[in-house]
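In order of appearance the chains are A, B, C and D, and numbering begins at 1 in each one.
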Amino acid sequence: MKLKTDYQKIINAIYKQIKEEEDLGEIAKYIPELAKVDPNKFGVFLTTIENEEYGIGDCLEKFSIQSIAKVLSLTMAYQTLSGNIWERVGVEPSGNPFNSLVQLETDEGIPRNPFINGGALVICDMLLTQLKNPKQEFLQFIRDISGNPSIHYSEAIAKSEMSAGFRNIAVCNFIKSFGNIINDPNKVLDFYFHMCSIKMNCQELSQTFMFLANSKFRNVKNEPILNLSHAKRINAIMQTCGFYDESGEFSFKVGLPGKSGVGGGIVAVHPGEYTIAVWSPKLNKKGNSYRGMQFLELFTTKTESSIF
Amino acid sequence: MKLKTDYQKIINAIYKQIKEEEDLGEIAKYIPELAKVDPNKFGVFLTTIENEEYGIGDCLEKFSIQSIAKVLSLTMAYQTLSGNIWERVGVEPSGNPFNSLVQLETDEGIPRNPFINGGALVICDMLLTQLKNPKQEFLQFIRDISGNPSIHYSEAIAKSEMSAGFRNIAVCNFIKSFGNIINDPNKVLDFYFHMCSIKMNCQELSQTFMFLANSKFRNVKNEPILNLSHAKRINAIMQTCGFYDESGEFSFKVGLPGKSGVGGGIVAVHPGEYTIAVWSPKLNKKGNSYRGMQFLELFTTKTESSIF
Amino acid sequence: MKLKTDYQKIINAIYKQIKEEEDLGEIAKYIPELAKVDPNKFGVFLTTIENEEYGIGDCLEKFSIQSIAKVLSLTMAYQTLSGNIWERVGVEPSGNPFNSLVQLETDEGIPRNPFINGGALVICDMLLTQLKNPKQEFLQFIRDISGNPSIHYSEAIAKSEMSAGFRNIAVCNFIKSFGNIINDPNKVLDFYFHMCSIKMNCQELSQTFMFLANSKFRNVKNEPILNLSHAKRINAIMQTCGFYDESGEFSFKVGLPGKSGVGGGIVAVHPGEYTIAVWSPKLNKKGNSYRGMQFLELFTTKTESSIF
Amino acid sequence: MKLKTDYQKIINAIYKQIKEEEDLGEIAKYIPELAKVDPNKFGVFLTTIENEEYGIGDCLEKFSIQSIAKVLSLTMAYQTLSGNIWERVGVEPSGNPFNSLVQLETDEGIPRNPFINGGALVICDMLLTQLKNPKQEFLQFIRDISGNPSIHYSEAIAKSEMSAGFRNIAVCNFIKSFGNIINDPNKVLDFYFHMCSIKMNCQELSQTFMFLANSKFRNVKNEPILNLSHAKRINAIMQTCGFYDESGEFSFKVGLPGKSGVGGGIVAVHPGEYTIAVWSPKLNKKGNSYRGMQFLELFTTKTESSIF
C-alpha cells in the first residue's frame, strides 16, 4: 500500500494519462435525457476513512447515479427487513446482461441478485410495502447518510426513463406474473425510476458510500447504518454482482467491491481504507463507464490496493 | 481481527458445534471411486503467513482434491502463458452449474471462467500444448510448491472418472467442435481426469495455497510462483467463480476467495493472513461440501476476518 | 375415408365414450372470469364443405374462444398486408410454452410465429396501425365471415384478463423494447384482450373456419377471404404452431391443422373435407383442452381422415 | 391438382428456371468428404403411387443421404418397438438447430424428436439393443424396401464424419450422462455415422419413401412396412420436424411432409399421390438444400398439390 499522501499525485497522473487516450466508450442513448449529457465529462473523488479527500476534474458536478442507487435501496431494505430479503432475491452473479429476462423465467421470478434490474425492482417493492412515503423517506435516508440535504430526484430523468423504459416495464410485470412483486407494477416502476434518477457528484457519492468502508461510520443523526456483518455482505454482493456480466472482469482487473450506473458513474470501496467515485459518461459494451473502468484498474494497480 | 493465538480455540469450538449437528449433505455418487469414501470424515487445517499451523480432526488424511486442482493448473498456465490465457477462457461467473453446456453454445465454445469444467479443460489443453510430459510436469509443479514429494495422482480415481465421465466427454468434444480445444479430446480428458484425481490432505492443501496469501512465498527451489498482480487476479477469480452457481453465496457468507471440489474439500485464502482447508465429503445441492461451507461461514464470522 | 353419412354416428359414439372416462384436465384459473365456467361442458360441431352439419352436446353454447381468435386476426392482417407480415413475425414452431419470453430475447423481439402470444400481439399492432376503428372492424370481419351478427366481445372477460395479464403486459413491452411494436403497448394489449374475449359456440366456430377448408368460400358480402395459396399457408402454420409446445403431439395424434384456446375450445380443419370445433374447458398441462384433444384423436383415427 | 401427365413438363420448366438463377447456398464443409462433391449437381425424381416416374438432371447419381436416413431408422425402430419409442424421444419440433445441446439440458436428455441429431442417436441406440448385426440388418431393411441390393454405406464418408464429428460425440455423451443412451456411446456413434453415410440417388430415394405415400406398399419380400396409422404419424413428424428450425418455413412454403440431409438431398411425400426427391449440394443457412427448397416450393405451388 502506498502512503496516503501519494493519493493525489497518483490520481492526477492517471487522470492525465487517460485524458490523453481516446475514449472508446459510447454514451447510453436509450434514455433520452441521459443522451444530452456532455460525453467528455470526467471526474474522480476519493475519501479515506480518516476523511482525507482527493478530487480531480468534474468531481463536483452532479450526474444521474442510476443503478448505483440500487446499493442504497438494498441498504435501506436490509436495515429494516434484514435476512427476509433473501427469500425473494438471490446473491448470485447472473452471468447475463442487466436487463435479461431469460433467467427470470428459469428461476420463476426470483431475481439472481439485487443489482440486476429485476432484483432492484423487487427491493423497491419491499420498500413500497414497508414505507409510508417511499420516495420521500428514501431520499431522506440518503440525505442523512451523506449529510447533504441538497440531494434530489431529477423529475426530468425519471419521466424520460418511464417513457422509454419498456424493458423495465416488461421485467416488472414478468416478476409480478410469478407473484414476486406485491404492489401495483406501475407504482413499483415509478419508485424505481425515481430512485435511479437521483443526481449526485463524485464527492457526494464517495462520502455516501463511506459506511461500507468504515464500520464506525454514523449518519448525521448519529445512527449506525448497518452492522459490520451486513456491511461486509453488501460489499460481497457488489464484488460478485456490481457490474452485471462484467462483474468478474471488474473483480479481476480492479479487485474492489463496486457498483456502476449507466449515467457513467462507478463507486468502489476498499474496506478499512477508502471509497472512490469516478464519472465519465461514455460506456463500454457491457454498459459500464469506459474511462471509469480504466481509471480504477490503473489506480488499484499503482497503489497495490486491491482487497486480494 | 482476533488474535492469532485464538485460532486453535475457535477452530475447536466450531468443529465441535458442527459435529453435533446433522450433516445434511449427500456424498457425490456419480464417480464410483469417490462414493467409497467414509462420509463422516471431517478435517480442518489453517496455516498463517508466519507459518503457524492449526489443525483438527481428519486433517492429515488424504482425499481427492478434484476441482481444487483447477486453481493449480490455472496457476501453472498463467506462469508460462500469462495474459494469452484470456483469449480462450473468460473471468466471468457463469451463473450456471459446473457442467452446464448451455452457456458454451451461446458463447461459441469460450468457457466463462477457468473453474467451470469447460474452462479447466481448455487450460489443460493449453498445458498439453506447452509441456513435454504434462502429467509428470504438473505433478512436479505441485510437489515443488508444497515442498512435498509424496503427492500423487490416484490412478483408481482417474480411471473411475473416465469410465463415468460422459458429461465431461461431452463438454470437451463440444468445445472442440468450436475449435477451442487444440489437442485430441481424449488426451485432454485423460490429463484432466488425472489432475482431478490428485490426493492431498488439509495440511498439504493449506500449505500449497500459501502462495496466494503470501506475496513473498517461494517454492522449494526458491522460485516465486506468481507476481503479486497475477496472484491477486487468481484470488479475484476464486472470489467470483470458485463455487460454481454458489459463488455469490460463498462470497456473501464467507467473504474469502476459495475453491471447492466434489471430493468434499474447500480451500480459502485470506490474503496477507492465512490459508485454510476444510474437508467433509457430503455435499450440498450445488456440489460444495455442506460442513465445509458451514465451518467457513462460522469461522470468518467469529474471527471477523472476511476480506470485506 | 368413411362415408359422410357416418359422421353423426361416429361423433355420437366417441362423445359417449369420452363422457364415461374421467376428465383429467384442469380448468385455467389465471383468468378469473374463465374460472367461473362449468368445467363439465362438452360440445362438438362438424361442418362439411357441402354444408352438412353434425353436432352434439353443448355445441350451441357460447364460450370464450381465446387464442383461436389469433387465426382470425392473422387472416385479417394477411388479407390487407400480405407477405409484409413475415418481416415482423416468423412461421416456425417455438418449442416453448405460449407465453415464454426466453426466445424473444434471443430472437431480438421477432416472435417465432403468429400464434404464440408475442406473435399475436405483433399482429394486433399491425392491425392497429392499419385500421381506423380496430375493435369494431375486427368484429365486423368475423361477423361477415360467419354470417352471424350476434358475435360479440365479452367486456367482462377482457377486463378480467387485463387485470391479471401481467405476463402479456411483459411480453408486449418486451417486444416494444426491441422496436417490433409500433403503437402504445397499452392500446395493443387492449385490442389483444378484446380479441381473445370473443364468445362463439362450436357451430359458429366450425362455420367461421370454413374458408380454410373450402377454397370457394365467400363471406356474406360475397367476398373471398384469402386466395388458395394464403389459405394453405395459414393451415400450414396451424399444423406446426397451433398448439404451442404440444403442436407436434397434435400433428402426430390428430393429423389436422388446428388451433386451441385456453377457454377449452379447439378448431381443426380438413382441407377439402370439413371443419370441426370441440369445446371442453378442462385443460391438459400444455394448456389445451384435455377432452378436445382426446376427441379429435379418436375422430381422425376412426374416420381415417388425417391429412397424412 | 394438375393432371399427372403434366408432371414432366412442370418439373422441366422449374428445373430450367432454377438453373438460370444463382445458387445462393454454400456447400457443407464440416464433413471433409462431403466438401469434395461437385456443388453444381442438381437432380429431381418423382414417383407416383401408380409407379409413374419423372426425372431430370443428375437424378441417377448417388450422393450421401445423411439425415434423410433418420426417417428409415425411425421406421425400422417403429416396426419392432412400436409406441415404446416415445418414452425416450418426443414428437415436438425443437425450435433449435439440428445439433443444439441447450434443449437437451432442459429436457434432461430426452430429445425433442427423432430427427434432430440427439433423437436419431437415441433411435440408433434402440436398434443397437434390438438387432444382432445392426449395420447389416439396417442396410438389408433399406434394400428390401427399395428393392435395390446395390445400396451401400460409404466407409469413406462414415470415417470422415467420425473424424470431424465432435459435436455429435458431445451430443451422444451428453445424452448418455442423463441415462438415455444404453449402449457404449462409441458404438452408437459408429452406427449413426454409418447410417448417415448411405448413398442413394434421387430415383432410389423417391422409390424407398413410397411406403409413406402408398398405404398398400409392400417390400420385395411382400411384407408391409408400417400400418396406415404409423405411416401417417411418421409423415406428421416429418411435417413438423423434418427441417430442423426451418420446419415451419418448409411447411409454410411447400406444404408437404419431408426430410432433408446436409448432403443436399430432400425427400417429400404427398400421401396418396407421390414422393419426390431433389438433390443439390449447396445449403442455405439452416442447413437445407437451397435449390431443393426452391424447387419444391415452386413445384407444389404450380401443381397446387400441398396437403393443405
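Criterion: a contact is a pair of C-beta atoms (placed from the backbone, for glycine too) under 8 Å apart; a residue touches a chain by one contact, two chains touch by 3 or more.
Quantities reported herein were computed from a predicted structural model and do not represent experimental measurements.
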Both-way neighbours, i.e. chains that touch subunit B and touch subunit A: none
Path length in the contact graph (subunit A to subunit D, fewest steps): 2
Far-end chain from subunit D, centres as C-alpha averages: A
Centroid distance [mean C-alpha coordinates] between subunit C and subunit A, Å: 47
Computed distance of Cα centres, subunit C from subunit B, in Å: 55
Interchain centroid distance [CA atoms averaged], subunit C/subunit D, Å: 32
Residues within subunit B bordering two or more other chains: none
Chain pairs that touch, as defined at the top of this document: A-B, A-C, B-D, C-D
Subunit C contact footprint on subunit A (complex, rising order): 100-102, 104-106, 166-167, 169-174, 176-177, 185
Footprint of subunit D on subunit C - complex, ascending: 90-96, 103, 112-113, 228-229, 231-233, 235-237, 239-241, 245-249, 251-253, 255, 257, 271, 301, 304, 306-308
